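Order as written gives the chain letters A, B, C and D; numbering starts at 1 within each chain.
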Amino acid sequence: MTQFNLLQTRLVEPNAAAWKDYTQHSFVEELAKGILPEACFQHYLQQDYLFLKHYARAYALAIYKSDNIADMGPSFTCLQGLIGGELMLHLGYCQEWGLDAQAIEALEEGVATVAYTRFVIDTGVAGDLLDLLVALAPCALGYAEIGTRLYSATSSVPEGNPYWPWVEMYASEDFISSVNNQLSFLEEKLIEIPLDSPRWAKLQRIFCTATKMESAFWQQGLAVNQA
Amino acid sequence: MTQFNLLQTRLVEPNAAAWKDYTQHSFVEELAKGILPEACFQHYLQQDYLFLKHYARAYALAIYKSDNIADMGPSFTCLQGLIGGELMLHLGYCQEWGLDAQAIEALEEGVATVAYTRFVIDTGVAGDLLDLLVALAPCALGYAEIGTRLYSATSSVPEGNPYWPWVEMYASEDFISSVNNQLSFLEEKLIEIPLDSPRWAKLQRIFCTATKMESAFWQQGLAVNQA
Amino acid sequence: MTQFNLLQTRLVEPNAAAWKDYTQHSFVEELAKGILPEACFQHYLQQDYLFLKHYARAYALAIYKSDNIADMGPSFTCLQGLIGGELMLHLGYCQEWGLDAQAIEALEEGVATVAYTRFVIDTGVAGDLLDLLVALAPCALGYAEIGTRLYSATSSVPEGNPYWPWVEMYASEDFISSVNNQLSFLEEKLIEIPLDSPRWAKLQRIFCTATKMESAFWQQGLAVNQA
Amino acid sequence: MTQFNLLQTRLVEPNAAAWKDYTQHSFVEELAKGILPEACFQHYLQQDYLFLKHYARAYALAIYKSDNIADMGPSFTCLQGLIGGELMLHLGYCQEWGLDAQAIEALEEGVATVAYTRFVIDTGVAGDLLDLLVALAPCALGYAEIGTRLYSATSSVPEGNPYWPWVEMYASEDFISSVNNQLSFLEEKLIEIPLDSPRWAKLQRIFCTATKMESAFWQQGLAVNQA
């Protein structure tokens, strides 16, 4: 994966504890070992479909917020990926897990699903394109980090692990390359912001809250088993 | 309290279970009996301050979404109440409970606080004025119902109950009259919608989700004690 | 072209005078006869490029405003057409007319360009998806009507007319079919609105204002010659 | 009037020609001499009422876009001024000029009215609070400059000038003090932006376009007489 200097040193590092909670959450650790309860994974998959729908809305918002055609490009690529294929793939993947497409559409969003998706959108509507891209960043960056790390972790158990295709997907070249595209664009925009400005402080708050909402999203999956 | 026919029969009644969960939540039942753990109430009060800030933003959004000056009126009255007094009163009330104003401003929003407030705002940005007003309705209507019910419930314990001023506030003539103003305006708008239209179905979904987010907000207060 | 009953009888017909001003404007009549001053056409082409950029933003907004993936489809198709090709084609077309790509990007928007594009966008942000689609409709519907009418009008002069490719483009099967797709989706949504509701009255006002802004856009092209 | 250093040197001065076109437009010069045709003034007054309605919407949008209660303050003061009084005063003023309140509400917006108001709003929705405040600035700053200059200009004719109350209003202490409040807040926000950043370049483009839309608004008033 490409190294994103500003993203790493100015958004991830000052936010280290929350970042670790998210990227090393029990949900993904158990998933990589194949010991995550099936009900947790199924619940997560369903909520993730609802999440992706609002994620597509957020990228459409980013296109609306772009000053010129060049700036529309990276968000359009993400939107195209989602509407043109990923959402359908996701439904297919859900069906392999015995989850019916129509049932998923009718599903109720969990509190953490609402919290994360609407936080991103309100941040994006109230702020500008950069605020929106920063609110969207923990998802792409974190999933790429989780995917690549778990794919080669000695603690991971690929064999006989029903969740291993999930790990492979988020460690795949295609996924990493799409993340690199998105985040390169963000990194270019971040360079324009002076490091000691109130603007950076705000972007850090946005990144930190979005990261915590990601953890809450994993937690929501785990909680199914505790209910 | 004024009877709002459409609100009652077309939004509250089809949503009866979720409405009961919200308006008869353990949080408010324990509060009325004076047995709610102090930590729960304090946590709720702080999160409620953060909630009110976004509630003010949502009413400002409603003004932006108004076609004419007359439609701006009811939302402006709410916004004026919040910015001109209630938010300050709330901070004062927090201080009586040993909660420092600056600490509250710096406070982190809970997942349920984010979920509820941003759901209302995204519903309002994506939809029109009516969608927004319906997303805002469970709060005003529910608090008025909770306040008046608990104020005269035989199960309530006013004497020596440190939370009783909270009950009195939401049963007060001032509060009820402000709720009546808001909801009368909403009721007028609802009359325009044919009862069997997809529009009503959507408004019901909005009202239902907002109601559930209210319950999650109470639950977030109770959870402090379970952590 | 497909017949759109509601669009025709409830939006175009009550708006007949403004619709005629727009679709039979001297700008397009002179264009079809090949007697439009070149400076007018060049100015129009440049402003139309700036227009299309905001048109893409408006379709992205429509995707953000969609409740589900199915509703995103028609707007995504339009957005994809614009970002994936039409904007580039338009720049190429401008270059054939001696207009430099970079110069166009740096161009200042005329008052009528600002008025039309931002009216559509504000209507869409303040209202819901249907308000936005109605604000976008006069453009697609009107250009299709203008293109097909002029293409076979006896008053038109195809031979030696430097503007004839413009007429051919807006009379082409590809264009008409894309307009049909968009407007079919709008027509489906319009069916849900009761004919005597305040909602229809509002949609008519939106359609009417957007139509007048289209006329102002032609007029802005003609005015170059009068300056 | 308070001196606003950044506003003056970084927004007005690089935009000197457009600023002069706006603040020394024939419309206000003729108005100060009492030679402006009555039909022009009446048309302007009516369109200005429609303008103020959207101006109120834009200030409501600024409140929605505020991160905290303190930032909401200045925009709330403007909104309160408009909804709580100025819009009514304006209607009253229109009536003195023989313009009926109901007729004004039903009035059609001119192209320049649409262009200016919707440009401000789209700039504000797409960008952040600062973008919105900069789009709003030429109005307050320009009217204060026009009012104070014309009030004491030797070329002005106060006696027997039916438009003199207009000059007096925009030169009044009340108006200047309200402008100072708004612009002080903006100036504080502008200080955070590094002078050679792309952000400043964008803010300058916004200020410049809004200034030109103001000129077009005067021109729209004058054009009545040429029609």
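Criterion: a residue touches a chain if its C-beta (ideal position, glycine included) is under 8 Å from a C-beta of that chain, and two chains touch if they have at least 3 such contacts.
What you see is a predicted model, and the numbers here were worked out from it, not measured in a lab.
Common neighbours of chain C and chain D under the contact definition above: A, B. The chains in contact with chain B and with chain C alike are A, D. Of all chains, A has its CA centroid at the greatest distance from the CA centroid of chain D.
Residue numbering at the chain B/chain D interface overlaps substantially, since over half of the positions present are found in both copies. Taking the mean of the C-alpha atoms as each chain's centre, chain B and chain D sit 37 Å apart. With centres defined as mean CA coordinates, chain D is found 43 Å away from chain A. Here the CA centre of chain A is 31 Å from the CA centre of chain B.
Within chain C, contacts with two or more other chains are made by residues 57, 64, 125-126. Residue ranges of chain D in contact with chain B, taken from their complex: 53, 56-58, 60-61, 63-64, 66, 68-69, 72-73, 76, 79-80, 83, 87, 105. In the complex of the two chains, the chain C residues touching chain D come out as 57, 108-109, 111-112, 114-115, 117-119, 121-122, 125-126, 209, 212-213, 216.
The residues of chain A lying in touch with chain D in their complex are 64-65, 67, 125-129, 131, 192, 194, 197-199, 202.
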